[in-house]
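The same subunit A turns up in both complexes below, where it pairs with subunit B and then with subunit C.
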Partner chain A sequence: MRPGPLRLPLLLAAGCALLPWLPGLPPYWITLADYIGVAAIVAVGLVVLTGVGGMTSFGQASFLGFGAYATAILSARYGVSPWLALPVSLAVSAAAALLIGAVTLRLSGHYLALGTLAWGVALYYTFANLDFFGRNDGIAGIAPLHVGGLALVDPRWSFTVIWLGVGLAVLATRNLLDSRAGRAIRALRGGALAAASFGVDTPRARMLAFVYAAVLAAFAGWLYAHLQRSVNPTPFGINASIEYLLMAVVGGAAHIGGALLGAALVTVFNDLLQDWLPRLLGHQGNYETIVFGAVLVLVLQASPQGLWPHLARLWRWRAPVRRVVDAAAPPLPRRALPARGTPILEVAGLRKNFGGLVAVGGLDFAVAAGEIVGLIGPNGAGKSTTFNLLTGVAAASGGSVRFQGRPLAGLPARAVAALGVARSFQHVRLVAGMSVIENVAIGAHLRGHAGAFSALLRTDRAEETLLFAEAARQLARVGLAEAADRPADSLALGQQRIVEIARALCLDPVLLLLDEPAAGLRHHEKQALAALLTRLREEGVAILLVEHDMEFVMTLADRLVVMDFGTKLAEGPPEAVRRDPAVIEAYLGSVA
Partner chain B sequence: MTRVTQAGPGPAPPALLLEVSGLDVAYGGIPALSGLSLSVEAGSIVTVIGPNGAGKSTLLGAIMGVLPSRGGIRFDGAPLAGQDIEERVNAGMALVPEKRELFASMTVQDNLRLGGFRHRAEGRAAAARAIDAVFDLFPRLRERRRQTAGTLSGGERQMLAMGRALMARPRLLMLDEPSLGLAPLVVRDIFRTITALRGTGVAILLIEQNARAALQVADYGYVLETGRMTMQGDAASLAADGRIVEMYLGPQGGR
Partner chain C sequence: MDTTILLILVQDGVVNGAIYALLALSLVLVFAVTRVVFIPQGELVAYGALTYAALDAGTLPGSVWLLCALGAGAFAAEAWRMRRRWRTRALLRLAAGTLLLPAVVAGLAMLLAPRRPGVAVEALLALAIVTPMAPYLYRIAFQPMAEASVLTLLIAAVGVHFVLLGLGLVFFGPEGSRASGFSDAVFSLGALTVQGQAVWIAGLTVALMLALSGFFEFTLFGRALRATAVNRLGARLVGIATGQSGAIAFTLAGAIGALSGVLIAPLATIYYDSGFLIGLKGFTAAIIAGLASYPGAVLAAVLVGLVESFSAFWASAFKEVIVFTIIIPVLLWRSWRHGPTEDEE
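So, the complex of A and B:
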């Protein structure tokens, strides 16, 4: 999802809020639109959780239930004002999400989906079987919303309140996704490993998405309870959960607008079918379920990304999305780089076994500040595994790694990144749907501090300006300023590797680990890269380079470490290594 | 367009296997390739060089039918418009993509079997012979035949990707960056194989970062820059052209 095309849904929501006051509108339509609004809020939460964050939830209606029951109990039993009950509703749901999330979010993929299904079922029966929740009868006598002395019982009033709520949810979600915390959530799908390597606390980002979606659902539940004036367990069961998921998917789960569209389509279509099918086919049998299923399959066949992208394309055609970067923004504070020659990385006896296979078998080498060391060797020699051991992506089986004198053993990737270690990946790991500059900004994650709340309230703008100015600067430095607003996956593979270098530079690294940066580059592109790395070396950055392009690495590196079968075959200045018979035999071949 | 040398029309012009003319490809309204023309003679090696993002992979994708395009593509004289990927494979085209796209959870042998899918009617014995032929070309794959593709090293992965494509017995093999991420010794093997394949009559359309090596094995070359062909000529004269040397080859001596 991109932060741009949101004016459309916002305008729609605002326009909708005023709609029922048009004279002559059938009251039934207004009621239907109320339900669409409530569902849309839940579906917007699912966009963040499922469409953007990649976590499928079959239990979202339970959080609606937490919100609805909390306000029902407070309002009907204790006479608490609905407005005072609102924060309690949201807090109860958030607390439940934290608790449930702490247990289930360790799962991933279909295990997570099954986990949500399980607690979705369990919570439904909890609502239906406890006296506290009024069992199957639920709780009646909930007060309507009121403003001052005016009770908002007129369906037109509830409509306005609900659709203002939808507008609020859309705005908050837009703000969240277009922020430092939001980029962390957006990186979860497909880019989690890279994000962790740039200091993103990925479990926390997952939890944030989960709690946020739960809070939106609770908000919808609160609206629902005061609209309906009574609650019972049925609308908080598994069927409802599946229907919300369906709305998000049909509309387009990766887009906020898709949630609104899906909520409207599914609600109206369901209603039409229930109305018309019995007239056409007689009253026996639930034909609407069958027809509904068939239409759903057709829609998803024709448009697997949901229907929203079709609509958004018309809109974007008129207004291409461009992020405005403040070129005059002051640079972010930089860490002081150690003097050239200071030992930065010391690796001793590093080992990694995968079962019986020894990937790295006792490796020793060191890299100093202001030095470029090339790590070369045949494919499968253990070079990329070594990178993963150095950056905390994989745990070593033995040996030690010291960074600026400090042992790295046991530190997770994000802690290693925080010390000033940045890397690129052998197989490009950019977030596909995100623009190039947003991907690069993830590199500067640790140089910002704004969290979800400042994102929601937009108090993070000053910091965002600085982060994006830095991202733009690094992007210009690698020569890709032009591509800033393009989706990262639309670039050629070689360019994507260069984007990874810009992202790494955004971390303000002490040690830079580059995995085959020159792969796929043409001669003059390699020259530009070599010039950049030379400049970084002069600044005092320590660089470790895995590379197969011998011309590139031989002219650039101060020292080479040659690996074969997980161990060090040779080490020394490039000219010596080039003549080493063992290296020629294993790696270079006779004419190199 | 600069023509470095006029490809002199011989007495009997060799049959054109692939003929691309006026090809346009666009991504979401933004043109990636415009008015592109290219031809490959049967049994020859043609290389396309150019900077990153010029549209080289897009070109191969359009020829293979992976990407929608406008303009004329003729294969063996017949227009390809409206033919899907499967029909193009059946006509004798094969693409080895930049990312290899192996079936990672399947064994080497099963990857090859799937490569020969279009000849499935010929029976098991024929398939086994075809796999054996690939193993002769890449002996390393024979050693690894029961290993899953996901566990192979970079060089072995490229060998498997090429072997899988060859299982379809293509008349045109399109290779996208075959030496990407490979150690020097393996790069040499891959180029040796490309030269060997020419002897079997397969035409090859080659995109390769190592432009020097590509021009050494190729008969003819094109230069693709920002979506347009800016130069073409026989490979030897392109390799001697001053601008090509500066942009894509670098001074002689280094590899």
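So, the complex of A and C:
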């Protein structure tokens, strides 16, 4: 590995180690900074879970509790060294997260948030009522951290340890987010459906984010237990969970910097308020909770993205990062495409009912390798539903779909993608915050294998180079090489459709399903697209095309299938279909 | 366990369940109309109970000042939104609703509180003090971000919960209060002893539910609310002011919260922070019913009440743990039946 990427973290780490030893620094500030560090680690986990993965947890403090209680019990009751207790703390929390996640992660949106609220409360009362956890008194007499014979009781040592921990958490999180597994988590935001259509195991990506955030929280809990030297249930209750969420939201939940900023602001603010408000307003009252709540609501009203994006813009930290792509990287292995004319897709009697509505009612057609088939029909004819049935996004009510002779019935979208079926969407489904090339690289998800651990340790770099070289090649092929580093949502809608095609090509497809690819394109862009599709046909890819632009589809397609009201109206070469009276009536209405 | 204990537990469960049912109904209503998961519902319960208890003790409740402050806040927030299209009539109407109304209520409270006007008047006065707080909160906190995602609104609701919790401590103090009941009568039905207050709670709950279903079925406002719940944009296109629907939904939530508080004040000692857990149990019921079905929420609430009273008997330390974990099998069943869903934006 080049020395570059490590130099900054190493410098920061050295800074952390030395900073508190500066003469004249008030010890109180150091203690405050210790608590900021602990909170920052939890908030960084929430960035992955909530800001990036889109799952809100009102129970994050419970995982802090698992980590803290595990080390407290081991070190105070059994005299185990804190360093040996650390892996146990992390493992206990990860196991708890796996269990809780298995139960709650299938819930969506606000149900998930409320579910976490419920088990957050339940776990708090469990901590507070079991003798094993010392009930409300908690567990005291936890050993401090020690290195060799030196006990790190001085807050300055704690500072060093905690901020090294923060550095580690930030580094690990950056590594994770910039990896195959991390892109899978980030893709959840662009719609789980699109991610699944490119082979991302979305439940697994959700679980990864959940467990990762829980492990970071447990790490913070471990630090907290040895900093505090005693634990009790209060800091692991629902209010603490909400405070961590507040940090992430105020700072900016989508950014690691936002988590650090939020942790610092909330901790300092909390401290100041606890100090000053009672003096100003007399003694009775939890005034800081009032101000906290009000600030949270105001931030959400005025700047739902948090404060970090404003700060970053101020300091121009968001200068576009250019991803270095190794053009000389060898191409990824490709699957052997079947000989031209081999039947690829055979659809027989395909049906889909939504309640009483028949969206697709007995559709038959076939697509062969090296053939472009156009699926046309008026709006509402069932074309997009057909696409969803073919790709496993929706389950058919009847009929059969065979892909290279294999029945597709019952296969989830992920498995269909693994067979070599790639698609684009009628409503563009790119991940808005991600660059164009990262979006395209999601298409190559199934051609890589690196998991979360190799991402954290950066042993995935060789594979990442190959994946991004492939993404760059496909982007160049569709003519968007210059746009690679731009945010996907900054492109015109027509270009975003082309990005979707590049993403689909990254899958190395046998069958390509394109839903209105030419919509929103200018004339010369359409010509370029037609040339690209013609080239793919010559390579032996089978292409099924839904398109409203008749000129485009008539000149390109070998055959047309015309749908109306869920059934096939006509099928044949474009010229014949154009003259078919039934088709003319469906499109233009009866002449009579 | 003998029959007497069983019957007592069932009675406790049903009475608590009735309160949770009211809260669940209100949560479902607010969520359907405004997409706000109204976490602060519980604080309104505590406010209702503590206000009623203060009036019952012949003192002026601190919530009167809170009502005036929230009214003024709502006025300021709304006036700020109207700054571009200033209309005197609308402003006057706003002032009547947000400044005059709290002043009148406060005046009445000052006049009546020392005279101990009797349970019924005190209860009504408590309702009048607490109910308007909810629509004021809506105007201040939620209406400006009405188009935000459910999740953002949920986090904002948690913020409001924090504010109300802190304000509760300021205005009511840390001591708990208990009030005298609507009825001290005790009936005997075989082995079962029924307290008058329990009858009141059950009766008022049923009456309120009937009134609500009548409201939704037969009144224009009720239908507008249902239309907003089904489709906000569609409702707006046919001329329903969805902001107003939201304010009405919150008013109902405020009234239900305050009433629940008044009803439980004689049964248990209520502290400024007791509301949260009560509200969460209403939530548990509402979630079990999928935040969608009213009869489902009522059934689930009674179930939650029964689980609570039986677990209080068998494992009192783990009462809360048990109550909140019954949600999990339900959630599992739901997700198993519906399969994973696409997250809404």
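The criterion applied here is as follows: the second predicted complex is superposed on the first by the 556 of 592 C-alpha atoms of A that agree within 3 Å, B and C clash if a C-alpha of one lies under 4 Å from a C-alpha of the other, contacts with A are read in each partner's own complex, and residues count from 1 in each chain.
Basically, contacts are C-beta pairs under 8 Å (C-beta built on N, C-alpha and C of every residue); 3 or more make two chains touch, one makes a residue touch a chain.
Keep in mind that this is a model prediction, so the values were computed, not measured.
A simple residue count on subunit A separates subunit B from subunit C, and the partner touching more is C. In the overlay built on the shared chain, the residue A:Gln495 is in contact with subunit B alone; subunit C does not reach it.
In the superposition on chain A, A:Gly520 makes contact with subunit B only, not with subunit C. Once the two complexes are laid over each other on the shared chain, residue contacts for A:Leu117 go to subunit C alone; subunit B is not touched.
In the superposed pair of complexes, A:Gln274 makes contact with neither subunit B nor subunit C. Of the two partner chains, neither subunit B nor subunit C is touched by A:Asn136. In the superposition on chain A, A:Ala294 contacts subunit C only, with no contact to subunit B.
No residue of subunit A is contacted both by subunit B in one complex and by subunit C in the other.
On subunit B, the positions that touch subunit A within their shared complex are 27, 29, 49-54, 56-57, 98-99, 152-156, 177, 180-188, 209, 211, 246-250, 254-255. Every residue of subunit C that touches subunit A in the complex is listed here, in rising order: 37, 141, 144-145, 148, 150-152, 154-156, 158-167, 169-170, 173-174, 277, 280, 283-284, 287, 291, 317-318, 320-321, 324-325, 327-328, 331-332, 334-335, 340-344. Of all residues in subunit A, those touching subunit B in their complex are 317, 377-380, 426, 490-495, 516, 519-525, 527, 548, 550-551, 554-555, 586-589, 592.
Remark: subunit A residues 54, 56, 58, 103-104, 106-111, 113-115, 117-119, 121-122, 125-126, 129, 188, 191-193, 202-203, 242, 245-246, 249, 284-297, 300-301, 304 touch subunit C in the complex.
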